[in-house]
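The two complexes that follow have subunit A in common; it is paired with subunit B in the first and with subunit C in the second.
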Partner chain A sequence: MIINVQGLKKRYKKQEVLKNITFQIEEPKIVALVGPNGSGKTTMMNCLMNLLPFQEGEVSILGKSHKDPSLFYEVSYLQDNRVLYGDLTGEDHLKFICHVQKLPAVKAKEVAEYIGMASYAKKRVRSYSLGMKQHLLLAMAVLNNPKLVLLDEPINGLDPTSAIHMRHILMDLHAKGTTVIISSHNLEEIDKMTNTIYFMKDGEILEESLTNLNIPHYTLHVSEPDKVNEIFKSNKLHVERQSDSFTFSEATLPLNQAIEVLYENGIQIHQIENRKIGAEKRYMELFESELKS
Partner chain B sequence: MLHLLRLEFTKMKRSRFTYVLLFVLFVSLCIYFFYIDRKETKLEEAEAYIITNLESHLEWYESAKKELDEKDGKADRILQNNLNASERQYNAFKMMHEGFTNKNWSLYWQGEILNNSFWEETKKKELEFVAKSYTYPTPFTIFSGMDQMRWMEERSIQPIFPTGSLTWLSLYDEEFSEPIAKEIALKYSQKYSTSGIHFIYHLFSYGFGFIGLMFFLFLFSDILTKEGFGRNGPIQMLRTVPIRRSTFWFSKAFTVIGGSFLVICCITIVGVTLGTIFNRFGDWDYPILIYGPDRTYSFLPIAEFLGKSLLLFLLVLAFSFTLLFLFSILTNRAILTIGLTVIAIIIGQTLTDQASLLSWVHWLPFHYIEVYPILSGEYAITTDNPIFTYQQAILSLSLSTLILLLITFSAVKLRKGVMS
Partner chain C sequence: MKFFIFELKKTVFSRRFSYTLLVLFIFILGLYLRNVAFQDLVVEEQERQVTLYTQEAQSHLRVLTKAPETEAITEQIKYLANALNMLYEWKPLIKSEDWQARLQAENAFISAIIPYKEVGGEFSLLTTDLNRTLVWNEHLLSQGIEPKSENYSITLPNFMKQITDLYVNFGAIILLLLIIGDMLTMEFENGSIRLLYTQPLKKSSIIHVKWASAAVFYIIITACLYVFTWLLGYIGGKSGTFLYPVMVETKENISFITIAQYVQWSLLSTTSIILFVISLCLLLSLIFKNSIITLLSTVLILIGGYFGMQALPLIKNSWFDPFQSVLAGISIQQVGSEWYYGIPIIILLAIILYWLSIVKINRTSGS
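Then we have the complex of A and B:
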């Protein structure tokens, strides 16, 4: 078990900011936390990393208590860039992590090159752009080859090149067996990275493990919609009708089967639309009321 | 903990403010050395003074002898006394001159003791009539001065000029026959020397006090105020590395106190080196007068005095840094934290001075910020409160620091999520 969270509740005075959060991650994967500002993403991460105390619930990470400092030999947390020392250089930060993690100092140089920050590693952090700071934080987070890495909005504010670069690094990490928990508002990047998304709202996880998000959905535009409707019904195939088109998921009706059935009945297909539901669509559905307001 | 110490050192190394402060310190140290050098009575001046006196006393002696001879051996008590006194003083300056020329300082002090012995006799008689005199020079001043000379004679310590009875002044010397007498006493009792040991003694008279405290507070304030307690500052990063929280706090404490100690050691080395290059090393066992209760006194070798002062000053620093840390937790703002700490120390000192006679006031740590007067016993004398001792200072500062630490960590606990 990589992470096990049971009944996590966190209150600030009387306001409950995390409401009975429960989830488990059993195998290495990329998990995205998505939700509007104030939904509790950062608070939850801080609670998991023992940066914030919580009133109820239990958290264990890699089989250890979340309060065990030795956990950080195997776990990394990329936070807000304000945690960096402005007067120190990127190299100073990396060397410090190397010392603390009992890693050879040469590892700092290797990781700086891997992340693509070697050219400015010797400059003071104060002079870094937002992207450079994010890269440094990422370098610090991956130095120890962690089994679990949590990233709090690492893509926000990055230019497209940096965002793509960061995505590749995270996917590379995942490919090597690291579990990545990432919070972000960049739904397009999230879509490209993972199909496991925890949607959070008002301190709750509304949906989790939405692996079907990335399953293709098709819309068929046909010549005789009424007849097609009858054909699908008689074959007990589940589709949704919208006037002259029919929508279905690959999970419930493979596209080949649908085409075959219609072909056998002499139906002409004008157009096939292939699309994913995607994080954005689901987000819009879940947070419709907020979007409208 | 070594990792954190290294990090703190790197932070200081990368801070321009550190270099500015250290540069200011070095320049101040050099300027002060120059100042002491200008004030110091040089060996040539001292020698000229001895020779002038030697010649004068020889002249007086010969004149007194001649006068007595002219009386044709008839007994004249006054003339005889004059002759004896002149002879004694002539012999005294002769010994001093010989001692000075041959760098035989024991002999020099024997001469000086002989030269001033009549003061001792006079003051012994005065004590029979007035137990607690305040008229300059008081018996306390003379006796302590004579004993100081005996101490130096025994150990063959090179004098810091000027020497002699008129170069002593104690806290009990309050009444002067003439204003000019006070001026002279004040002028000659301030003994300056650029020899290594004495120079750092002069230097730390300021260093181990409010000025030094401010310097160290500014030098190390970043360590306690720039972690962003209560905000998403670097403290949050340090909390996500495999380090125990207690180690983190110990490293902070060790850095500020250990760092201060190191800086003091460096200042000492620079000061002693400057002194040794331009003058001489100095004497470790030069006597420093320590006031006791009821007009008693003792002496401490200057090295021991400096060592004890350093210990007390480190406690002052520990207390002040704890205060700074508390304000840092409460305010979360670096500038505000330093400002509040300085204000608290100034107000604390002002208030304790006003309330120095209250029965519990010796527990207030602000009394002990100026270290030299505490260790020398001068503070106890000037405040007329014998409880302000060195031991009491150590006790009060240690206890206050512990209490402040308790309050600070309680504040941390109350502000959950800051770093508990």
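Then we have the complex of A and C:
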């Protein structure tokens, strides 16, 4: 289990800003938190990272309590660029992270090159553009090869080139087995990089949706779902089960292969749904009333 | 260790640190140049003073001679005439290189004016000030040390004493608060504390590192101040002696320490209060998370503590007066060799506040 959140409730005075948040992430994926301003995305991330106390609920990350500081050897949190020190260089920041993460200092140089910030790493942060600061934050976040990285609106304000660059880096991280939780208002980028979206409103997760990623997602309705579950598991095929149906992405399991496996095992497929729900379309459906107002 | 260096870099590379040091250097240089410019004025001022004393004595003498003749008036006229003669002898010696003759002449005047005042004669100089000057001059004569102007000296030891006076009497506290007073509150105000809180660090290590780096900055400021003062005094100044006396005036008597002792003792005393100030500032930073409120509270506690204790005669400058080092120079000139009595209590308080800061940060969230 990468992250397990049960019944998370957070109140500021009498106002409940997080209402019984429950979700689990069992395997590496890119999850987006999407919702209007004030929906509780940043508050939830801060609670998960033990930056904010909460009144009720339990959070465990990588099997540890979210309050365990050793967690941050495996988890990174990319916050807004106010956390940077303007009088220091990017290299100073990276070397500091190397030190606290007990990594060799040479790693700072490697990551600066990987992220594409080597040319300005020795300049003071106060001279950086927004994109440069975001790249530094990203470099700091990936320095320790985290198993989980949370990013709070990393794309906002970036020019298209920087946004594309950041997306590629995040997808590269995911390919290496890192789970990425990202909050963003850039639905186009979200659509292109994430597997799952948690739509949030008023401190609640309204819906967990799979994204199309420009790749189709399928839901198969089958006979003998328990047997099908066993078949997928024995063949090490990644699918998500919802009672008598199974959902998967074309990227992780081509539809032909799924049908073939089930056919070989004598399973009858009742229905195949092709789920292509774009983030923007779904957002408009969910927040129609707010968009109208 | 690298966390500590990272913390040091944050301040060293800040513009505020550079500007503060620059202002400090300009201030010391300005003070030194002022002293150089006022060298002639010191002699002129002394000459003017003697002229004023002479005019005052002549004026009183005229009044006394016209007054009805009584035994008291006759006695006053006798003493005042003697003092006036001493003033006539003193005046030509003011510009003289023979400083011993000058001091002796001044003492002769004082010795003559004191009995005049004792028999009811009027004179603007206070008896306590006259006695103090008499003791001071006698000490200089017995030690064979040439007197220097207290406010306009360009000899290295005396100029260093002048700088020390400013530094140990709240100057060090102000400088330190200017440079590091917001080192923790700034982290909360900018949100950068969240970077530290999301690293595999114990929260208490933030307090350890902030405290240590503040202490290092105090050492850096002190070293810069004295190196620059020494350079100025050494290159441009006149030779002097660190055995030059500093008067210590307790309730009972007047005694003397040397400038060397004064500088050492007042710096040690100031260091103890600085350790307290750092701990206090860190704790208040965690409570208020606001730079201005933290700085104002720290200064108010120190000033209130100092004057509060001064108002309590039994506690003032005793071993349980933790605030006597706030104005370390003044305290030393009041207690002399007992200057260190207040240090244990201030160190104890610094440790308690440090511990409270650790407890507080462990209960503090990142926002």
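What we mean here is this: the second predicted complex is superposed on the first by the 225 of 293 C-alpha atoms of A that agree within 3 Å, B and C clash if a C-alpha of one lies under 4 Å from a C-alpha of the other, contacts with A are read in each partner's own complex, and residues count from 1 in each chain.
Please note the rule applied: contacts are C-beta pairs under 8 Å (C-beta built on N, C-alpha and C of every residue); 3 or more make two chains touch, one makes a residue touch a chain.
Treat the numbers as computed from the prediction; the structure is a model and nothing was measured.
Aligning the two structures on subunit A places subunit B and subunit C in a clash. When the two complexes are overlaid on their common chain A, residue A:173 makes contact with neither subunit B nor subunit C. Of the two partner chains placed around the shared chain by superposition, subunit B and subunit C are both touched by A:69. By the touch criterion defined above, A:87 reaches both subunit B and subunit C. When the two structures are aligned on the shared chain, A:143 is found in touch with neither subunit B nor subunit C. In the superposition on chain A, A:48 contacts neither subunit B nor subunit C.
Here subunit C runs into subunit B after the superposition, and of 8-16, 44-52, 62-70 or 116-124 the stretch doing so is 8-16. Common to the subunit B and subunit C contact sets on subunit A are residues 49-53, 69-73, 76-77, 79-80, 82-85, 87-88, 92, 96-97, 99-101, 124, 140. The part of subunit C that touches subunit A in the complex is made up of residues 2-3, 6, 9-10, 13-15, 190-192, 194-195, 197-203, 365-367. Contact residues of subunit A toward subunit B in the complex are 49-53, 69-73, 76-77, 79-80, 82-85, 87-89, 92, 96-97, 99-101, 124, 140. Subunit A meets subunit C in the complex at residues 46, 49-53, 69-73, 76-77, 79-80, 82-85, 87-88, 92, 95-97, 99-101, 124, 140. Residue ranges of subunit B in contact with subunit A, taken from their complex: 2-3, 6-7, 10-11, 14-15, 226, 228, 231-237, 239-245, 416-417, 420.
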